[in-house]
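Below, chain A partners chain B and then partners chain C, in two separate complexes.
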Partner chain A sequence: MSGRGGRTIRVDTLARVEGEGALYIKMAGERVAEVKLKIYEPPRLFEAFLRGRHFSEAPDITARICGICPIAYQMSAVHAIERALGIRVDPAVRLLRRLFYCGEWIESHCLHVYMLHAPDFLGYPDVIAMAQDHRAVVEKALRLKKIGNRIMQLLGGREIHPISVAVGGFYKTPTKHQLRDLVDDLEWALEASLATVRWTAGFQFPDFEQDYEFVALRHPDEYPFNEGRLVSNRNLDIDAAEYEDHFVELQVKHSNALHSVVRGRGSYLVGPLARFNLNFDKLPEVARNAAAEAGLRPPVKNLFRSIVVRAVELVFACAEALRVIREYEPPAAPRVEAPNRTGVGQAITEAPRGILYHRYALDEQGLIVTAKIVPPTSQNLRRIEDDLREYAAQLVAWPIEEATWKCEQAVRSYDPCISCATHFLKVVMEREDTRLGTEAC
Partner chain B sequence: MSSESKRKPARKPKIGVFKFASCDGCQLSLLDAEDELLGVAEAVDIAYFPEASRTMLKGPYDIGLVEGSITTHDDAQRIQEVRRQCKTLITIGACATAGGIQALRNWKDVDQFIRIVYATPQYISTLKLSTPIAEHVPVDFELRGCPINKYQLIELITATLAGRKPNIPSYSVCIECKRKGNVCIAVAGGIACLGPVTQAGCGALCPSYDRGCYGCYGPMETPNTASLTSQLRILGQSDDQISRAFRGFNAWAWQFRKASEECERT
Partner chain C sequence: MLIIGCGNRDRGDDAAGMLVAERLRQLGMDVEIRRGEAAELIAAWSGADDVIVVDAVMTGAPPGSVFLWDGQHPPASHSSTASTHGLGLAEAIELARVLGCLPIKLRVYGIEGQRFEIGVEVSPEVKSAVERVVRRIEAEVKPCSLNQVPMNLRA
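Let's look at the complex of A and B:
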């Protein structure tokens, strides 16, 4: 099939990603002629209808951009608005927000590692089929995932679109006793996460290293969730307020999608690989040791190994949750007052998939004048296409079906969340058909 | 025949999960049912669920779960095909049952909205309205919530397979508060709360966390929104605030729509 003529890798409905996308790679002989990651998810226009809403509504409204990482949206929203209002939260609230994020990372990473990504490495179409041969592994994964959800349920009432996050703090904060109830589960989860690192480290990884610009938050004392400067391995070191000076969204003719790039340089990578490579020294010892045993040393440049890095971040999230629970003393009040005033605030937090940028401008009544949101997947989109261009070239001699699956696997390595990305993406309406398949041309 | 049916297990019912404009949260509820997921997978054939599987089997399906609202010409056509392929069609979540938060465009000039978000508006193809599935095709059951309650989803699938009526109450959040023994935050705390007009299903989460219900399960059966509006005014809420409260995740549900528009008119 890789003879004189060209051939095409085509996946009309990308599976095991959040949201709706399609993949199209056209090869001409040994050369990759064209790569398109098409997005046909409809736009939902969040930045437009946020205008005129009160700032107190932003955490709940923006959570609805993504059912997979609602806490990330709530966190970036409250931090940006608190900055616009010039208010500081209680240190106990800060701790609880870290714990909340731990819950989301555990749930989301566990979902991705076991249910969306591992089936690729083991040759199954999905986790249900995988469970037929690996029942114990899947049951353990479900228990681990449930523990992440339990943290979110306790702090936020429910795991999808939790209801307790407020500008200035929380509507209600838990007691020490309630948090201590999580400890047994989290100790089990820590062990299960260590086993996840060992399990994923045993997979076969394609030999595919790229020279990435990694972009992540960096904090002087901790592995990043909610605070820190934005840094990269190419000397970027900025405050969230400077984000739009350094990053820009470009319109791309072939895909009709806006791609975020670093001004003057191009594509970049956000998410677990970037965080790990830029913050390895801030991981707790248990996570660093697990990484070392798995043969991970920063910088990890093989995209496919991101599944192991996600597992290391699971270890971190469990250890960090346990630390927070040990240190937690309830705040004097669940939240500080957040009076209406004019202001502009930006914030970046680390969603499971990478950095999430929010900016709000508020008027004197506390109503939103403008909002801007840049989700992690739209920041990775151009990098995904760059990777596919390189990677597909390695697959020219492969049977088309296997090459297709490998390219899907490469896309899934990013844990893309297309629902997030499309609140601003150009939508490609040309859906050829709904058939999953490949074709030679 | 009988000997063959002994050898062959009965065909498992086929389920398809279909996404329109949404956040993916409601279909994620199925994967979040950690204790039930493998049991569900044994009872049914999950034939089409792209978020979870590369295997995408063709219809027809015994049950179709539809998430999301209709916002594009393409999707308006696709839902017709999904309806043809599904024996029982169930909509899940506020987007599919009421148009979702994206229905806020329905009161605005959508072209202006698009200009706010997109640099080159002419590339965007979208409808002027975000509408629920039932405005396009007949729907057999609407499961409310933003997001849905995963236990209600399991109950609904179980009931549908058993051919019985699902046990999903249509009374208000107030009943759930009473059952939990919550002190009424509106009466005792003076906090604006949509609980009296909102359908139960969440377990009265917001009042249990010291905040007013924001109506994410949509209108209950026969809600008295006019009475609640008067009560909210007594609590000191401005008409703008009351209008915004009704204009949330179920803004386009006709009872909430009417209530928000009445506040705008006064």
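Let's look at the complex of A and C:
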């Protein structure tokens, strides 16, 4: 729409992002005057819910923060608490946790690549319209997603809100036979993922590269899930315990979500692109070859290509799941004992959308004194706004409808999970935020 | 018959479908509980030919109103489900129709909610509607008790 003194791009409800958000970009002539990605979901109360609860409840409570990535919340919670308690888990448990994460990555990446993101590149308003012309593609996506869900259901113990993850291990571990039942499906999924890389590599991508600070875990031997140091392409190399020394969360007026920045530097990028660029050498050969055939070489600096990188990570997740199943021997006990003690523990794990930080302080009875959770989307929010400022500047001459559509696509490239990103803020909420707090979809 | 209750227990009235499912389970019925995400729903009803789905809705009607839709004429997505997800029940129905995997018989019970904030209680009107839907579904599954069930679904 045109207005006096400039044009405004306003997307009141962003479609195809998890949760709800609104985007506001104000252009003044040739200049982008203002960019605001608004989050108006109800604030997250989970950090407050956790206070006073026993640490053993944390995996189940935090799993409910997000319907798409419950495993990520469970993984960051148990690793942080195990660190606070000073306990080490059985190597078989460690393997199972990697498998569990594979299931979540397959499900989440499949949802985003096929159901939410691909329609942008093929010119459809949504996956329903896309399915009319690409029925086999959507059927493949549904099957692939279901395979990810099978892993999560087997290890999680039920269809939603997994309950089997425990501090120290699992409440129940699967047999070798149960895992082997997944092999045929996963072999099909690996082939389907390779085809996904080839399919997405053929899309047309806007010419838009940025100089990002990529931040991801890095492990000496493996593509990261639950362990490793936090590194960046700007010489960051820290332990999870140092996270809050290097990253700070800022409150911004227009959003319920906190914006996270690197102290002294500013915005940064977490998620598939960061992982891929910082850990390319740790991908299995099948995934590296798929990336090379798709023309992906680190560093990939075009966020629109993240759909291809997600597809490469689908290949990794399927190959890694098959490796874990081959190597798995059930642990002697499903979990090690986790006695109550005072302590503070931090952990970072790689959720599908990027690093998820948890910190817990426990008292002598094992009750949670404080909890801090920094989800990946809130870490990317500042970067999304920075990108939009640059990207919108390229679109000033475009018709407003097309420019709006392009900016929406840019936001979707991040796969933002806005329902995870909102925190409880100890400030007076603006009335507008409160009024818009319910979801009217 | 396959019965699926959808929702999120932590978001006030969005728990409606889940509460119906839990009550029906207490009555000895086999009921699935799902978040309400489209791909998950399509997988859940795959192969079934007679399906009931219960979910919270926002249509602007008074809280606790109960709607019954035929899957062939589902509500428009922008005004129906209160799902936190980009693709919810209405999209699941549309996508399944395009893919030719919509159950022959699909009915959707929508319970009008009013508050969906994290951590809030389910409103009394919705609790009452949950009971009405439970009785209605129970009557459908157990036809012998049909005469005892009030058929007026409006609050």
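Keep this in mind: the second predicted complex is superposed on the first by the 410 of 441 C-alpha atoms of A that agree within 3 Å, B and C clash if a C-alpha of one lies under 4 Å from a C-alpha of the other, contacts with A are read in each partner's own complex, and residues count from 1 in each chain.
By our rule, a contact is a pair of C-beta atoms (placed from the backbone, for glycine too) under 8 Å apart; a residue touches a chain by one contact, two chains touch by 3 or more.
Since the model is a prediction, treat every value here as computed from it, not as a measurement.
Trainee: Answer with clash or fit: chain B and chain C placed together on chain A by superposition.
Mentor: clash
Trainee: Determine, under the contact definition given at the top, whether A:49 touches first (chain B), second (chain C), both, or neither.
Mentor: The answer is both, since A:49 touches chain B and chain C.
Trainee: Applying the touch criterion given at the start, work out whether A:28 contacts chain B, chain C, both or neither, answering first, second, both or neither.
Mentor: neither
Trainee: Of the partners chain B and chain C, which touch A:111 in the superposed model: first, second, both, neither?
Mentor: A:111: touches chain B and chain C.
Trainee: Name the chain, either chain B or chain C, that contacts more residues of chain A.
Mentor: Comparing chain B with chain C, the partner touching more chain A residues is B.
Trainee: Could you look at A:369 and tell me whether it touches chain B, chain C, both or neither (first, second, both, neither)?
Mentor: Neither: A:369 stays clear of chain B and chain C.
Trainee: So, does A:408 touch the first partner chain B, the second partner chain C, both, or neither?
Mentor: first
Trainee: Given 1-9, 109-117 or 145-153, which part of chain B has C-alpha atoms clashing with chain C after the fit on chain A?
Mentor: Of the stretches 1-9, 109-117 or 145-153 of chain B, only 145-153 runs into chain C after superposition.
Trainee: Just which bits of chain A does chain B share with chain C as contact spots?
Mentor: Of chain A, residues 15-19, 42-46, 49, 64, 67-68, 111, 115-116, 126-128, 131, 138-139, 142, 145-146, 149, 159-160, 419 contact chain B in one complex and chain C in the other.
Trainee: Please give the residue numbers of chain A that touch chain C in the complex, ascending.
Mentor: 15-19, 42-46, 49, 64, 67-68, 111, 115-116, 126-128, 131-132, 135, 138-139, 141-142, 145-146, 149, 159-160, 419, 437-441
Trainee: Contact residues on chain C for chain A in the complex?
Mentor: Residue positions touching the partner: 8-10, 32-35, 37-40, 42-43, 58, 77-78, 81-88, 91, 94-95, 98-99, 115-119.
Trainee: If you look only at chain A, which of its residues touch chain B in the complex?
Mentor: Interface residues on chain A, with respect to chain B: 13-20, 40-49, 51, 53-54, 57, 60-61, 64-68, 70, 107, 111, 115-116, 119, 125-129, 131, 138-139, 142-143, 145-146, 149, 157-161, 163-164, 166, 171-172, 249, 251, 256, 258, 334, 405, 408, 417, 419, 423-424, 426-427, 429, 431, 436.
Trainee: Using the touch rule from the top, collect the residues of chain B that touch chain A in their complex.
Mentor: 19-29, 31-32, 34-35, 37-38, 41, 46, 49-56, 71-75, 100-102, 104-105, 108, 110, 112-114, 116-120, 123-126, 146-147, 202, 205-206, 208-211, 214, 216, 241, 244, 248-249
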